[in-house]
Every structure is written in C-alpha cells, then in structure tokens.
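Note sheet for the following structure.
Order as written gives the chain letters A, B, C and D; numbering starts at 1 within each chain.
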Amino acid sequence: MWKFIKYDNNIDFGRSIVIVGFPGMGLVGKTVASHLIDSLDAKLFGVIYGTKFPAQLIVDSGGIGEISKVLIYNSKVNDLGVFIVTGDSQPISDSDQHFLSHYILSKLRKYNIVEVIAAAAYVSDVVVSSRRVFVVGNNKDVLRKYVDKGAVVLSEGVISGLNGIIIGWAKVFGIQGTCALGETWRSIVELNYVDYTAAKLVIDLLSNVWNLGVDTRDLERKGKGIEKEVELLLRSFTQQKEEGIKGEKRPYYIT
Amino acid sequence: MWKFIKYDNNIDFGRSIVIVGFPGMGLVGKTVASHLIDSLDAKLFGVIYGTKFPAQLIVDSGGIGEISKVLIYNSKVNDLGVFIVTGDSQPISDSDQHFLSHYILSKLRKYNIVEVIAAAAYVSDVVVSSRRVFVVGNNKDVLRKYVDKGAVVLSEGVISGLNGIIIGWAKVFGIQGTCALGETWRSIVELNYVDYTAAKLVIDLLSNVWNLGVDTRDLERKGKGIEKEVELLLRSFTQQKEEGIKGEKRPYYIT
Amino acid sequence: MWKFIKYDNNIDFGRSIVIVGFPGMGLVGKTVASHLIDSLDAKLFGVIYGTKFPAQLIVDSGGIGEISKVLIYNSKVNDLGVFIVTGDSQPISDSDQHFLSHYILSKLRKYNIVEVIAAAAYVSDVVVSSRRVFVVGNNKDVLRKYVDKGAVVLSEGVISGLNGIIIGWAKVFGIQGTCALGETWRSIVELNYVDYTAAKLVIDLLSNVWNLGVDTRDLERKGKGIEKEVELLLRSFTQQKEEGIKGEKRPYYIT
Amino acid sequence: MWKFIKYDNNIDFGRSIVIVGFPGMGLVGKTVASHLIDSLDAKLFGVIYGTKFPAQLIVDSGGIGEISKVLIYNSKVNDLGVFIVTGDSQPISDSDQHFLSHYILSKLRKYNIVEVIAAAAYVSDVVVSSRRVFVVGNNKDVLRKYVDKGAVVLSEGVISGLNGIIIGWAKVFGIQGTCALGETWRSIVELNYVDYTAAKLVIDLLSNVWNLGVDTRDLERKGKGIEKEVELLLRSFTQQKEEGIKGEKRPYYIT
C-alpha cells in the first residue's frame, strides 16, 4: 500500500526533470539528492508513505520517531522545474522497488517531465584517483548531452535497485531516462563511508547539462577527507597484514 | 486480507486514546495491554482476523483452537475513552506489520482519538536496578507530559515491529503518537521471561499522565520475583563458567 | 489469485458437513479424504485453481500434466450432505494457506454447513501400538460427540497448516469446527510412509459420529503392512548401529 | 502489477497457436523462441512489463538499459497464426510465474488459440548422442500428432517454471496444451552452455507437426560445436581427475 500526500498544489512547470537518489552503495544517490535539495533551496512537494519499507520507527536525536518514506522536493531553476526524489531506504523486495518506481512516475508524469535522471554508484575494484561518471540511457538519443560534458557510456552491466530500474519504467511512460553513475572505490563502499567525491562528480555533470548552477566545493572538500581517511586505513591494514605474515612466518624460517 | 468484526456498536467517546501492546521483547507491550484490560474492566470492542499471521491453530488446555487475531477492548475512565489493542502475535512480514498498523488506526480514527500510545521494551545490556521509561513521539509537543512524569526522551534508535511503527502511521492520520519503552534487562529477554517490572513502569507512567488510576502492585511483586530468579540464574552461570575455567586451566598450571 | 470452477450446480442439502484433508505429515489428512471419496462414491463438485501453489506441472504416467489444485467432492449419506476437500499440495506461504482456508469456506458456506472437520496427524515420539485420535474444537460444545465415541481432547498444542487453521476460519464464519488428529509414529513420518492406520482411525471416528458407514478394513490391512515394514527398518537400523559401535570400539579394547 | 502494451492491433487469425519459450535449463526454451522469431520473420505484437522480475536494469553494449519484460511476437504461416512468447527472465516467485502464465493466456485467448506449446529441456544424466524430444499434454488427445512425428511421451515427472505450468493454465482456459522437452545433457546445463541441439530438435518437431517450414541447419551446426566443446572439457576434467588420483595415490603405494 502506498499513500501520496501532496503539500504543494500550485505548480506550473512548462518543462521539468526528475532527479532520483535513494540510498545505495556509498550513499552516492542519496547524497546527490540531499545536496541538490539544499543548493536549489527546494521545497517539500509531497511525501509517499508505504507499507513496503522495513517495519522500523527511526528515532532522531530529539526523540522524534518516523517510519521510512519517500520525499519529493521541487525547485525552479531558470525555466526548468526540478523534482528531487529521495528517501530513508528502498523497499525490501524487488517487486516493491519496481512498484514504487512506477508509482513515483505515475504521480509526477503530469508535470511535463522531459527526463528522469537517477544517480547511483559505479564501484571500481581499484583505488582510482581520477574518477569518471558513467551514463546509461533508456534510448539512444538521451546520452549525447552527457557524453558532451565528459560522461562515459557504460557498456554492459546490471544496475540493481530503484536508482536503476526507475529509468526502465520511465521508458514505459514514454519519458527519457538516464542513470548517472559516479565512480566509487570498493573500499569506500565496504568501509561504509559516504562517497562525497562520486556525488560531487554526478552533480557537476547534471549541473553542466541542465544549467543548475550548483556549487559542489563543500562536497569536494568532504570527499577528499574521506579519500584520505580510507587510504590511511588501507595502508594500516596492509602493514598489519604484512607484519602479521612476517609474525607468522618467523617460526618456520628463523627458529 | 483483514476482517474487522465489531462487537460493541454503542460507543460515544468525546475524546479517547489508543494503547497498543503486541507481543515483543520481554512481552512488555502485551503485559501492559493485558493488565490494563483487567484493571480497567475493559470490554471486547472488536476482533481483527487476518491471513498474515503464522498458519497455526493454537490449542488451549481445554482443547479449543484458535487462529491468531487482534483484540480491541475499550473502557471509559472518567471522561476518557481508552482503547486497548493487543494480539497473540505480530504479522510475519514487515509489510503486513505496516499494513495492520494502518488498518487498526483506520478502524479507530472515528472515535475522536487524541493520542496513540504504544508500549514496548528498551533493552539494557546491563542489569540495572533502577529502571527507566523512555519515550519517543511522532512530533515535538507530545512528549512533554510524559517527561514531566519522569520519562526520559530516547535519543536516536530504531524501534522494530508494530509497537513502534504504529505511532509513525498515527502521524500519517494526523494523530499524536507516543511510544513508551520500559527498560528491561537483556538477560530477562534472552531467558524468555516476561518482564513485569518494565510493564509496571510503563503502566504507572500512562496512569499518571492520563489519570487511569491503575494499581500495579501485583505486577511489581511478580516483577521482583522474575528479577530474583534471573539474578540467581546469572550467578549460577557465572560460577559454572569460573569453575569451568579453573577446571580447564588446571592441567596447564598444576599438573 | 484463486479461481473456483463449479461442476455440479444442482445441490440441495438441508444439512451438510465439510471434511478437509490436505497433504501433511504421514499423508493422514489426504488419505482420509481419498478413502472417503472412494467409499462414499463422491462426485466432483468443483475445482479451485490458484497461483499460490509451487510453480510445477506434475506429469502422470500417461504423459498428462497438471498444476496443483483443490478438489471438492460431494456425496449424500442418509440425509447428510458430505463435502470432501483435498488437493495435491498446500499453498507455499502461511498467508496463502490462511487465504485458501477462507476462500474454501466462502464458497461452501451457502450449503447449510453444520460442521467443518479437518483430518490431520498427531505425531508420537514413541512407537505406540494402540493409537488414539485427538480432537480440537473451535468452541466448547463441538467436541462432546467425538469424545463419546472414544476421541481424546488435545490439551495445548499448535496445529500447523491448512488442516488446522481452517477450523479457526470456520469460527469466523460462525460454523462449528473440529480437527481430528490420528496418532502417528515419528518414524513413519520421517521415513516418508503413508500412515494408513492413523487415517483408518480418523475415518472410523467420523463414520461413527456422522453415521457414514465407511468400511476401513482395506486401510487397516495396508496400515499393518506399513507398521511391520517400519518396525523391521527400525530394528535393522538399531542392529547396524550396535554393530557399528562394536566395530568402532574394537580397535581400542581388543587390539 | 503487470502492464500489457499492444503494438499490433490489426490481427485476424482464424486459428492460431502460441509457442512459449522463457529462459530455463540450457536456454532451450528461449533459443526455440528466438530462432522461430527470426525464421518466421515475426513482428512484435506486444510487450508485458511487470514488477515481479528481478529489480535490475540490464545494460547492453551500447549503454541502453532496460528492465525485464515479456515479448510477444506473431507471424502468419500458411493460414496459421503463430504467437511466440519469450522474455529476459522468469518472475522471481512461484506465485508470480503462475500469475504471469495466466495473464499471458488471458491476453491471447481471444485470437482463436487452438493450442499452447511450451518449449523446455529434459535433462539426461548421461551424454546421449541421439537426443529425443519428450512431450507432455494437458489432456489425452493432444499428444498423438507429436508422437506420430517421433516424440516420446514423458511418463511421470515434474516440470518447474513458466515453460511447464502455462500448459496447466491453458487447460483452465479450455485450450489444448503441450510441453515439448528437448533432451539435453546435464553437463551442458551445468557448464552454462546454450543447448542449440535440443532447441533444434524441438523446433523440428513443431515445424513438422504445424508445417512451419523452419530451417534449423544453423542451430544444428552450433549445437555440434557446443557438444564437441563440452566433450573436450569433460575429457580434460576426467584426465585431470585421473592424474590427480594417481598423484595422490603414489605416496601410499610407491614410496
């Protein structure tokens, strides 16, 4: 069961885009959404409550508890309406992730949506210093403008969860769709850090393509901090391991 | 599928509260509900049957079998209507716990509900002699009256299951909601005892705030018995462990 | 999704009972149903197809494949209508077992059902030569007539699956319900044998109470065969085990 | 949730068949479908989108991502309408495989369907050089024409998934149904190869029975390649194993 509560009824967007960022690997999608909400001074447009999230009341530091929900914000940048869709968690089951994707689009389609963009992460096994943004489209024509701004077309792969499938559903609604995947390190994801750098790069791309004028210096600074922290941790792991190996080997070679 | 069978049709509460207590850790919520039903001489108001509980017929000592169900009782205390909602078990899936929360409130909302209070447990890792009652609200204003009577505002956390999420759903219906969590010991929960002490403290709080005039001396007495039993068990475990350790160590140091 | 296809439209039972026997432990319930269908020369009354059984096409020796379904037969014995409900399997999930129980009763309730009787197994850990039939009712009054014919009232327990919960749902429909549990041996169940003896005893009880006049000598004979086979197997297991133990011990004591 | 989008509205088949081939063991069913779509120059008739497939966006080499869907093609061969139904994956749950089977038939039934044929694999434990095609029907009469063309009636068994159960559902709709199972080697299935040989044999059978005039020489050639590759792999495994065994045995017998 899903329940949409609309807060803002007076919207008149001649042309708008939807940017989707749910929690996923490295929290890239959600960080993109949160930063855009702040930077574009977006207003809460609607809330979707549902029975398909984990059965948990999440309590904040002030003792206020809430169930998981989808938050839809909007803002007007130049003449472009921008909807930003995010949430505390993704629905538990694959089927409900599909259903929610469909539901979100069915609620927003009437606002002259020209493109749905989902932000997600592309996990690199190696620690790369120069990060890329990969793009996937729901048709051939949608990607050119991203590639022109430096994005790399992803060749084969599978994107799991809401941040991927929603652009598949966009096609069913006849709406253009793009998935922008910020390259992240496996080590950042596995150490449960937020990858601000990947989020920054995705936002820079979207900002360039759609002229959103978003400042991402703050994300850049935080991202560099995380990268340093993770590299330090990795180095200390490697040292321990080497020492551990030495320690273990000693009895066999020295004694 | 849920089916609501209403027994009592002639209700006229100018103002009422809903107290929810389903089985959970230490059976605190259910014990609160059961004790209130007895003490307030509450009448069966309605029953909710559903397909989402475990597929089991539970047979009592007299050979009578029943499927799990939700029981709703009510009583009038001074001018306040009090609904008490409990059951034999919680729905199996997260999604059905959400749905049932929503369903219960949709059936009761017309009775001028001013607040939904869920009773649950807060598990302490240590054995504390002086137990607290923590409170979580679905907005900022609801908690003051509980804090004034000695409750502690919970700062950050997650409350799983019906006894938590129902106050999140209350907010969706525009109803105030509070979760009152009686502090329990991890050992009581893990040894599968009923924590009457935690239930007593939750009831005392509710009774103070809402002037219910409930006597909890019986719960207090039972609770002290349980605490003693658990402490005895813990002590015997510790002794065995110490003796065990001694026993294991002997061969190395003495022989 | 459930789909009921009714074959026999001309039914006029002043008073009828429903006997339910789905596959379960020792196949007691299903064997009761199959034997009654044969003995009472029951006609196919209707079929329930559904999406909630395992996704399998079961192919018989003649190359004909079918999906799982519920079969409802009926017969008239003296003035009593007898519906017999069985199937190839139970729905996969607890929720769908509940739903199907409700669905079956919703389709049959209009035929003046005075009682729903579910046949199931009661598993004994020991090999008992004199088997009992236990009964559970959905109210106090329903059991007397079974006890008068030798059944034992079950005191506390849990009956899992359709053959138990359907009498819980019968109560929701305001229909009397009894569960008759033929005592079976854990060894028969674990060796995957059909317990004809337990089925025979359940049928004898029902036949006595409802004057069905069913001959169960065939089941008795088959049941004795199974009991002998299982006892032989158990004895050979025990011998092997004893020899095994001897075999293992030899090196330590003799060599 | 399922959504049927029909592309081709002008269809007038006096008599048509439905051939179903979803991904399964050895990809036999899907290969049958793909080859028929190409050979019969079938046109896309409709697409079924649904929420019950894995929550994944599958990205192709050109950066275009799509969610899983069911594709329905059709063609006219002589006077026979031929619908071919396939997809990227089967629904996750048993229940949704059942539901989709029912849904597909409910959308196609109006096109004068005289038979539903599902293509699947029959896995042989041994490497057989002469492969058979087994058939299962949803009634006694449907199989003769296949047996006349050399198919073998399957005696007892269980066919899992959409490629089996859809002919069970066909019966519920009063439509003839056959499952044609191409014999495959367990080794081909376990090594994750596509069994073109089994697919070829199924198509030859269908082509003979329904006069489809399909050329399968390409499949035959590819199939022989796969068989050789698998036999080579098996031989190298066996050698390694034998050498491995020799290697292990040496210390005990020779040293």
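By definition in this document, a contact is a pair of C-beta atoms (placed from the backbone, for glycine too) under 8 Å apart; a residue touches a chain by one contact, two chains touch by 3 or more.
Everything numeric here is computed off the predicted structure, so don't read it as measured data.
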Chain C against chain B, contact positions shared by both copies (same if over half, else different): different
Averaged-CA centre spacing for the pair chain C and chain A, given as whole angstrom: 54
Centroid spacing, where centroids are CA-atom means, of chain B and chain C in whole angstrom: 38
Intercentroid distance (Cα basis), chain D paired with chain C, Å: 38
Interface hub residues of chain C, defined as touching at least two other chains: 96
Arrangement of touching chains [line / ring / star / complete / other]: ring
All touching chain pairs, where touch follows the definition stated at the start: A-B, A-D, B-C, C-D
Residues of chain D that touch chain A when the two form their complex: 1, 3, 5, 49-67, 92, 96
Interface residues, chain C side, partner chain B - complex: 94-99, 102, 135-140, 143, 153-162, 164-165, 167-169, 171-172, 179
